[in-house]
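You will see two complexes here that share subunit A, one where it goes with subunit B and one where it goes with subunit C.
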Partner chain A sequence: MSEKFDVIVVGAGPAGNAAAYTLAKAGINVLQIERGEYPGSKNVQGAILYADALERLIPDFRDSAPLERHIIEQRMWVLAEDSYIGGHYRSAEFARPPHNRYTIIRARFDKWFSDQVQKAGALLLCETTVKALLRDVQGKVIGVEVDREDGRIYADAVILADGANSLVATRAGLRQDIRAETAALAVKEVIFLPKETVDARFNLSGQEGAVIEMLGSISQGMVGTGFLYTNKDSISIGIGCMLSDLKRQHLTPVELLERMKAHPAIAPLIAGGEPREYAAHLIPEGGYDALPQLYGEGWMLVGDSAGFVNAVHREGSNLAMTSGQMAAETLIELLREKRPATAANLACYRARLDASFVMKDLKKYRRLPETLDRQRQFINDYPALLNQAAHTMLRVDGVDKRHKEKEIFNAFRERRSLLGLLGDAYQLWRATR
Partner chain B sequence: MHIVVCIKQVPDSAHIRVHPVTNTIMRQGVPAIVNPYDLFAIEAALRLKDQLGGRVTVMSMGPTQAEPALRKAISLGCDEAILVTDRIFAGADTLATSYVLASAIRTLDKELPVGLVFTGKQTIDGDTAQVGPGIAKRLDMQLLTYVSRIVEVDPAQRRIVVERRAEGGVQILETAMPALITMLEGSNEIRFASTPGMFRAARATVRHWDRNAAGIEDIKLVGLKGSPTIVSRVFGPTPRAEKAKSIPFDPSDPDSSAANLLEHLLNEMPKVRKELEQRRSGTQ
Partner chain C sequence: MPSNVQAQVEKKLYLNRYRVDAGRPHIKIKDANVCATRCTAQQCVVCCPAGCWSSESGRVSLITDGCLECGTCRIICDEFHNVDWDYPRGGFGILYKFG
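Right after this comes the complex of A and B.
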């Protein structure tokens, strides 16, 4: 006999867990299917947890969630070959609870999140892969087929939270295959160091943490950024670049990460540590213009599978959780009113997203991916120019300051010309307004 | 026939790391799996159930975190799972563990008589292969270790025939049931759980037995107290400093290649060389 549920959620990452949790809390009969050995076993992120999105789901998550450190300092570095220029923001306010964001280890965090989902009443099958979507004669999605014997499972609606390359949705023709131009490939290492060493190197104590976001020479001319996050007794370090750039430059992600780790500003921070984990992940960074159709007859896309990533602000898991919650709320409303999950009825999922920070932020930066792809000076020229400017200004060598200013200005003008500089300012303003 | 399979949840040895100072296993963050040898025991029991009908109960002694291992067994087709769990069981060696499991099986036997008990040949964390035999001895069961194949089971006559791997060959053994069998790796191919099996496992209630439910008579025989094993020292293998030598081999000239190899070997063993030279001079 086949099983039938109100809703099937495919995937147990932040989006899938948020959706299943919201549904189960509302008393909906929900099945969640995860292909990994356990939730979190296949999930990769930097990883920063933004408290807000989770707080809306589980207000007291801080009492039980496995959190590494709360962030009290954010650094932004623009790197040249052997230098960096940047800004640090550190605040005592960030050190006071309730904390705004945390570093996490996804394998542990996702397991915890999934435990909450199961406690709320959702049924979870692990080590089970969804092969295809089941449809009725009209084409409405009515369930899934998994890779095990007697694998047809039915539901009134299916939420696809199956990640960046969303194999299920892609195979079912609900969205296009992920494209090299709109996806970044990020690699990271977790490097273990004693807690005291991490504390000393970043001027931290207790559960305080610091993060560094980086751009410039480390991406070797490609569109990309690097990061360094402090965990309890380890450091997560990684870099992500657009897949199309990696392809063009014939650079392997490993080389990229190794070169970044060797940078004179970064090497001392991780010195003596033992790399214990190596992971890679695709990030859908196409932004607003790369978004697929988000819902249809009996189905919805959430999280990475929908392309909800704010590449500029390094946000993704919060968009995932919020979109998962909104998809679930949409279905709860329909199920309560006994209305079917048709495309017309699911349209309010899109409306909810449009009214939220998810779509508003994606819209704000919609031109940025294209701008950065076409206007390589932002990656190739400016980091070096900025570093050179700082170097010229700060080096005391008998040259008067006015002369130095002129030298810096000439360097900028040489590389970008006066009109170019104006154009660049306009481009950047237009891409982020 | 009622079959009991005893399993253990172990850290996945593929991900294990040894603490550089204390030489103890660092379990933190290491995924837990069903002891791989136990999977062959589960499969052997399920094949008998497929063939003869009856009931398979899977049992484990461990903390509540071991529940997923039991659920996995249910997904494959075991009918019921019992987790023998009590804080006083902590710190048990193989003697105390076999006492607890034997007590629990004796208790279960009163619900439904047990004909066969299966275990894996050993665990991948302790590698002692002592718990199975310990259970058999305490329950006065026939013991069949390192079994590679169940040849025949006759529940009516209470007879079982198995093939057992022994040094230098295979033994074919016949004995009376109830018996305890420890299964060898590779003895069968482990099945892939069906979708209904996965649902049954996700919904199953794993019975938790504490010391009273398991029928423990003497609490001095369980846990750390009941474990005479003393770990006096833990040490890791010292990595060999010298590297393997590679000696070039010319396939077109086997004679000189062999002579070359011999020369290298004799260089390593001056005593042998001396002896050989002495003998040669003696015969001349």
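Right after this comes the complex of A and C.
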């Protein structure tokens, strides 16, 4: 196979599919390479689909995409050992079409997305792992080498959408490897329950869905979060923690997941369900300061391989799609004007990203990973303090309320000191402003 | 890893679909002596979500059949870089039905 394409896209996740779709739609000769048996077979996500990013690519996606439920309620829980305190936002507005967010099952969704890519005219090569990048004497990327006989395929440019590990880019020396400090491991289970049971447990009807994002005791002192998402007739539940924390403790990921599932606030929501799959995946959570160089001579990074994850808002697939689209649009412009995909010419990929929510959001939270890593009180102290405060205030036991307030304040001051409390408020403000 | 935890992992992996590339493990320990004599933490055994790594009297061994291809072992072995990690050949390995 010694063929030449305009563009090669490595990977068929949201970033790769968005890139390949945009290119193919513009009539560009694009080859997409996927190592799985089918697109989605290697991909893992919670998963929430943010409609906006997809709508910009495929405005009528709702007519054919395999969507589970549209989300009408978001819950945010801060958990202690046997309690949680939290906020719920539920809105009739979210129930009205066009819906803004959906739960999806990635293996099904990715297959659908890939079908659209192929219908648009891209060639998809599955069951094929890219081993290396091909370069000319000047070092410009001119194609890929795959694990097939005569596996050299050439292109004017290569878009790397090869996921969190980004082995292809790393081995080619285009980027530093991800590190334990910048990556989280998430494990997840899909638990099946009858649709009526899911509806009843979350107060839903029709295609309405609810999601819960969680932090606190479930991460066992590690920087991490948990999630529970309602699908049509199943629940996706999972937990992710930073690898740098995971490697300093003695609980296995399975134990973490099982402990979370056994929490008294969570167990009843999944009771009686039948787990049908167990998955694990890395998430690049280093944020803005961990971003690699995003483009170079003949190449661009998109999606997870570029580290585009907004961990605070649990967004990633939308950043992936948007970055894939922007990388493709950059190339479309160059190809139309018959300009080569040099680093200088690809710089407008970065400019497009900078002008978009992708970089703006990553910049906004750039200090947060470091703050959470160093300021352990946000993980170790506050969840318990908040839960205890609620418990003290809500328990009716003949103690007057002013006394209770004092008790709560003293608990905070004892754990964090007055200056500590002020400092923490400042740290949190600074990390998220 | 305690046997009850190992059983929990196996029960979960049993739910998954794999196409195992028999006789061609995609992850290898570069030098087993490094694990046995220099690495005291052996966190691969703890952190692998698929329980692929085990340790018996200090010797670490690896069976990749249940691997979820996450890359955790590759990243956390950052002191000795003793993991030779690759993806399975195209089409082999984990096949997520839901993902």
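What we mean here is this: the second predicted complex is superposed on the first by the 432 of 433 C-alpha atoms of A that agree within 3 Å, B and C clash if a C-alpha of one lies under 4 Å from a C-alpha of the other, contacts with A are read in each partner's own complex, and residues count from 1 in each chain.
Keep in mind that, in the parts below, a residue touches a chain if its C-beta (ideal position, glycine included) is under 8 Å from a C-beta of that chain, and two chains touch if they have at least 3 such contacts.
Fair warning: this is a prediction, and the values are worked out from it, not measured in the lab.
Chemist: Looking at A:His250, would you say it contacts subunit B, subunit C, both, or neither? Reply first, second, both or neither.
Modeler: second
Chemist: Between subunit B and subunit C, which one contacts more residues of subunit A in the superposed model?
Modeler: Partner with more touched residues of subunit A: C.
Chemist: Please indicate which partner A:Glu3 is in contact with in the superposed arrangement: first for subunit B, second for subunit C, both, or neither.
Modeler: Touch status of A:Glu3: first partner only.
Chemist: Which partner chains sit in contact with A:Glu37 here, subunit B, subunit C, both or neither? Use first/second/both/neither.
Modeler: Touch partners of A:Glu37: subunit B and subunit C.
Chemist: Where does A:Leu124 make contact in the superposed view: on subunit B (first), on subunit C (second), on both, or on neither?
Modeler: So A:Leu124 only meets subunit B here.
Chemist: Figure out whether A:Ala107 sits in contact with subunit B (first) or subunit C (second), or with both, or with neither.
Modeler: In the superposition, A:Ala107 touches subunit B and subunit C alike.
Chemist: Identify the partner contact of A:Asp289: answer first if only subunit B is touched, second if only subunit C is, both if each is, neither if none is.
Modeler: Touch status of A:Asp289: no partner.
Chemist: Go through the superposed model and pick first if A:Ala183 touches only subunit B, second if only subunit C, both, or neither.
Modeler: second
Chemist: Quick check for you: in the superposed arrangement, does A:His281 touch first (subunit B), second (subunit C), both or neither?
Modeler: After superposition on chain A, A:His281 lies in contact with subunit C alone.
Chemist: Using the touch definition from the top, say if A:Ala164 reaches subunit B (first), subunit C (second), both or neither.
Modeler: Touch status of A:Ala164: second partner only.
Chemist: Both subunit B and subunit C contact which residues of subunit A?
Modeler: The overlap between the subunit B and subunit C interfaces on subunit A comprises residues 37, 41, 105, 107-108, 128, 146, 148, 276.
Chemist: Can you tell me which positions in subunit A touch subunit C when the two form their complex?
Modeler: So the residues of subunit A touching subunit C come out as 35-37, 40-45, 47, 105-108, 110, 126-129, 146-148, 164-165, 167, 177-180, 183, 185, 187, 189-190, 234, 236, 243, 246-247, 249-255, 258, 275-282.
Chemist: Show which residues of subunit A lie in contact with subunit B when the two form their complex.
Modeler: Answer in residue numbers: 3, 37-38, 41, 105, 107-108, 123-125, 128, 146, 148-153, 276.
Chemist: Can you list the subunit C residues touching subunit A in their complex?
Modeler: Residues of subunit C touching subunit A: 1, 5, 8-9, 12-13, 15-16, 19, 41, 43, 46-51, 68-72, 74-76, 78, 86-91, 93-99.
Chemist: Using the touch rule from the top, collect the residues of subunit B that touch subunit A in their complex.
Modeler: Against subunit A, the touching part of subunit B is residues 17, 29, 31, 68, 192-199, 202-203.
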